[in-house]
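What follows are several structures.
What follows is a pair of complexes built around chain A, which joins chain B in one and chain C in the other.
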Partner chain A sequence: MWLEILLVGVLLTQGPPPSGPQNATVTLSVNLGSHARLSMSSTGLVFPDADPDLVPFVAAVPAAITVTAKTRTTRNNQVLLTVQPSGDLRSGLLTIPAAMLRWTANGTGLVAGTLVTGSNQVVASWTSSGVRTGTQSFVFENRWTHPPGTYSVTLVYTLSSP
Partner chain B sequence: MSARRGGIGPGLALCMLFGLPAIASAQRLDLAITPATIVIPTGDPDLVPVVSSTPATIEYRVRQNNNNPWTLTVLAGGDLVSGAASIAISEMTWVATPSPPFRNGTLSSASAQTVAAGVGNVANTSRGSITFRLTNSWTYDAGIYTQSLLFTLSAP
Partner chain C sequence: MKKTVSGALAAAAVVVFAASADAQTTLATQNVNATVTVGNQARITVTGGPVLFADSDPDLVNPIPAGAPVSVAARARVAPTQQLNVTVSANNAFFDAGTDTIPVTGLLWTVGGAPSFLAGAMATTETNVAQWTGPANQAGTQAYTLANSWSYAPGTWTVILRYTLSTP
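This part shows the complex of A and B:
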C-alpha cells in the first residue's frame, strides 16, 4: 500500500517535461526591382540670334543643362542615356537639319555628340546601379544659309538598361 | 512482501528528493513566428525611400521561470545575398511592438540582437509584431536578396 502512494506522488510532481531555448528560423526576402529616373535642370533651351561671322556657334541659354540619371539594374548591366530629336529644326515649312545642334559634356560617363534626325545618339553610358550627374552644353552651328525664322525641335531622352 | 517494500520505497523517495528542485527551476518556453518567409517588396527609391515588410507575428510563452529574466534574440545567417550581389545585413533594421517587452534594433550576423526581454513568466501565449525595414538605395543591384534569421527564446 505504501508503494502505490509513492508512485502516485511522483507522477503528480513531474508534469510536462522542461524545455531549453526555443528556436524559430524565418527567411527574409528582399525584392529590389529595376527602376530608372531621369531629370534635367532645364526643359527648354534657347539659341539667340547672332551674326554668323561673329558667332559661328551660338551657345544655348542656359549654357549647360544638368542631367541626373538614377538607375537600379542588375549587377554589371549596362546603362544607356540617349537622345533623339523629334525631327529637323522647324519653322513653319522651313527646316534646318538637327545635326546643326551639337553638344559637349562633363561628368563621368557622358560623351560629346551631335543630334541626328531619326536616330538615338548616346549621351552617356554607365555600368550597374547608381546615381549619376553630368552636364550637356549645346551649341547651334550658325550659317548664312539658314533661312530666318524661329525654329524649334523636341529632344527625347531615354534612360535604359537592356 | 515486507522486504520488497523496504527495498523499493527508499529508492523512490530518493528520486523525489533530488528530482523536485530540478523540475521546479526548468523553464518551459514556446516560440513561433509567422510567416516563415518575410517579404520586403520593391519600390522606386525616390518614391519609397524605406521599404518595409508586412508585420510578422511572434508568439511566445514563458513558464516555470520564477523571477528569472528571459530574452528573445535574432541572429542573421549573413548578409543579404542575391547571386554575386550582397547588401550588408546591418542595413536592415526592425521595429517591434509592443514595447516593452519588444524593442527596435538592427540586424547582425556577428552577434545575436535582442528583440524582446522580460522577467518572470508570460503565463498566456502572447503576441508581438516585428517589421523589417531597409533604406531603399539607388546603388543596390537589382535582385531578390535572401537571408535566414534565427530567433531564439531563452531563459537562464
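This part shows the complex of A and C:
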C-alpha cells in the first residue's frame, strides 16, 4: 500500500497581489493494491493407527485446523479457498485413495467436503475484502481393506479470485 | 471514426471479461502434509452357535441339517500379498468320546457369502473354511449337516469347534 499526495498550487508571479479569496487544489490519491494471505494453524495432520471396527473414522491430530484468509480485493469480488491433494495417499508402492480423507467445517463461508485426487475442492468462498477464519476437522475412513503402511499426501490450499 | 473507436473498446472489454471468467487468479497458497498410519489388524467373529442337530430317524433324515447356519466374519489388514486362512478343527475325533460311535468326520458343511469360503468336512486337524490374499473383510456362512446312522450311541453329545484366522 502506498499513499500519494499531489499538491497542486497556483503561484501568481506577475501582477498585483490578489485581494479576493485565493484558491488552491490538493489532490489526495490513495493506491490500495490487492493483497492476500493464507495461513493455517498447523501444516501437519497425523492420523494414528486404529481398529477399523472400533474407530471407523480416525480423527486427525490436531483435531481441527484453523484457516485464516486475509484478502483485499474488489468489492463483491468472489474469493475462493480450495484444496487439492498432491495425489493419492502413498506408502511406497501402496496407495489409498485421497477420497478416504474428508472434513467437516466451521466458520462463515466454509463448507464440508472430501478430497479428490486431481481436483480442487472448495473449502470456503467469500466476497469482497476481509479477514476470515474457520476450522476444518479431518477424518480418515478406516477400512479393513487398507494395506498396512505409513501413508503421506500433501494438501495444497489455494486462495484465488476470478 | 468515432464509430470505429467505440467498436474497438467494446471488443477489448469482451476479451477481458472472457479471460476473467475462464481463469482464477491465485492469491496465496499453503501446503499441509497429512500422514496416515495403517497398522496390522485381524479379527474373527463366529456367530450362530451352538449348532444343534435334532434327533432323527436314520432312514428318514440323513444327513441331519443343523438348526441354523454359522456366520463367520474374518477381517484382516495385512500386506497385499499376504495369504490368510480361516480354519476350523474339532476338539475330539468323536462326538461321543469313550463310546466312539459318532465321528466328527460325519460333520460336513456347505458355504455361502464371500467366494473365499470353502465347503469341507470336519476333522481334529485344521481344515480350511476360507482362504484369500491381502487385506479384506470376508463374511460367509457355513451350513452344517451331520451324517445319521443306526450305529450311533443314543445320548446328547457335544464337540467344540475352534476357528482360527492365521497366516501361513
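Note that the second predicted complex is superposed on the first by the 142 of 162 C-alpha atoms of A that agree within 3 Å, B and C clash if a C-alpha of one lies under 4 Å from a C-alpha of the other, contacts with A are read in each partner's own complex, and residues count from 1 in each chain.
One rule holds in what follows: contacts are C-beta pairs under 8 Å (C-beta built on N, C-alpha and C of every residue); 3 or more make two chains touch, one makes a residue touch a chain.
Keep in mind that what you see is a predicted model, and the values were worked out from it rather than measured.
Shared-chain residue A:139: touches no atom of chain B or chain C. In the superposition on chain A, A:34 makes contact with both chain B and chain C.
Once the two complexes are overlaid on the shared chain, A:153 sits against chain C while remaining clear of chain B. Applying the stated contact rule after C-alpha superposition, one finds that A:64 touches neither chain B nor chain C.
Residue contacts after overlaying the shared chain place A:110 against neither chain B nor chain C. When the two complexes are overlaid on their common chain A, residue A:52 makes contact with chain C while staying clear of chain B. The partner that reaches more residues of chain A, of the two candidates chain B and chain C, is C.
Looking at chain A, you'll find residues 34, 37, 71, 73 touch chain B in one structure and chain C in the other. Looking at the complex, you find that chain A touches chain C at residues 34, 36-40, 42-49, 51-53, 58, 60, 65, 69, 71, 73, 79-80, 89, 91, 94, 96, 100-101, 138, 140, 142-162.
On the chain C side of its complex with chain A, the touching residues are 20-21, 23-41, 43, 75-80, 134-137. Within the complex formed with chain A, the residues of chain B that make contact are 5, 8-9, 12-13, 15-16, 19-20, 23, 26-33, 35-42, 44-46, 51, 53, 56, 64, 76, 80, 82-85, 87, 92, 132, 134, 136, 138-155. Chain A makes touch with chain B in their complex at residues 2-3, 6-7, 9-10, 13-16, 18-35, 37, 70-75, 128-131.
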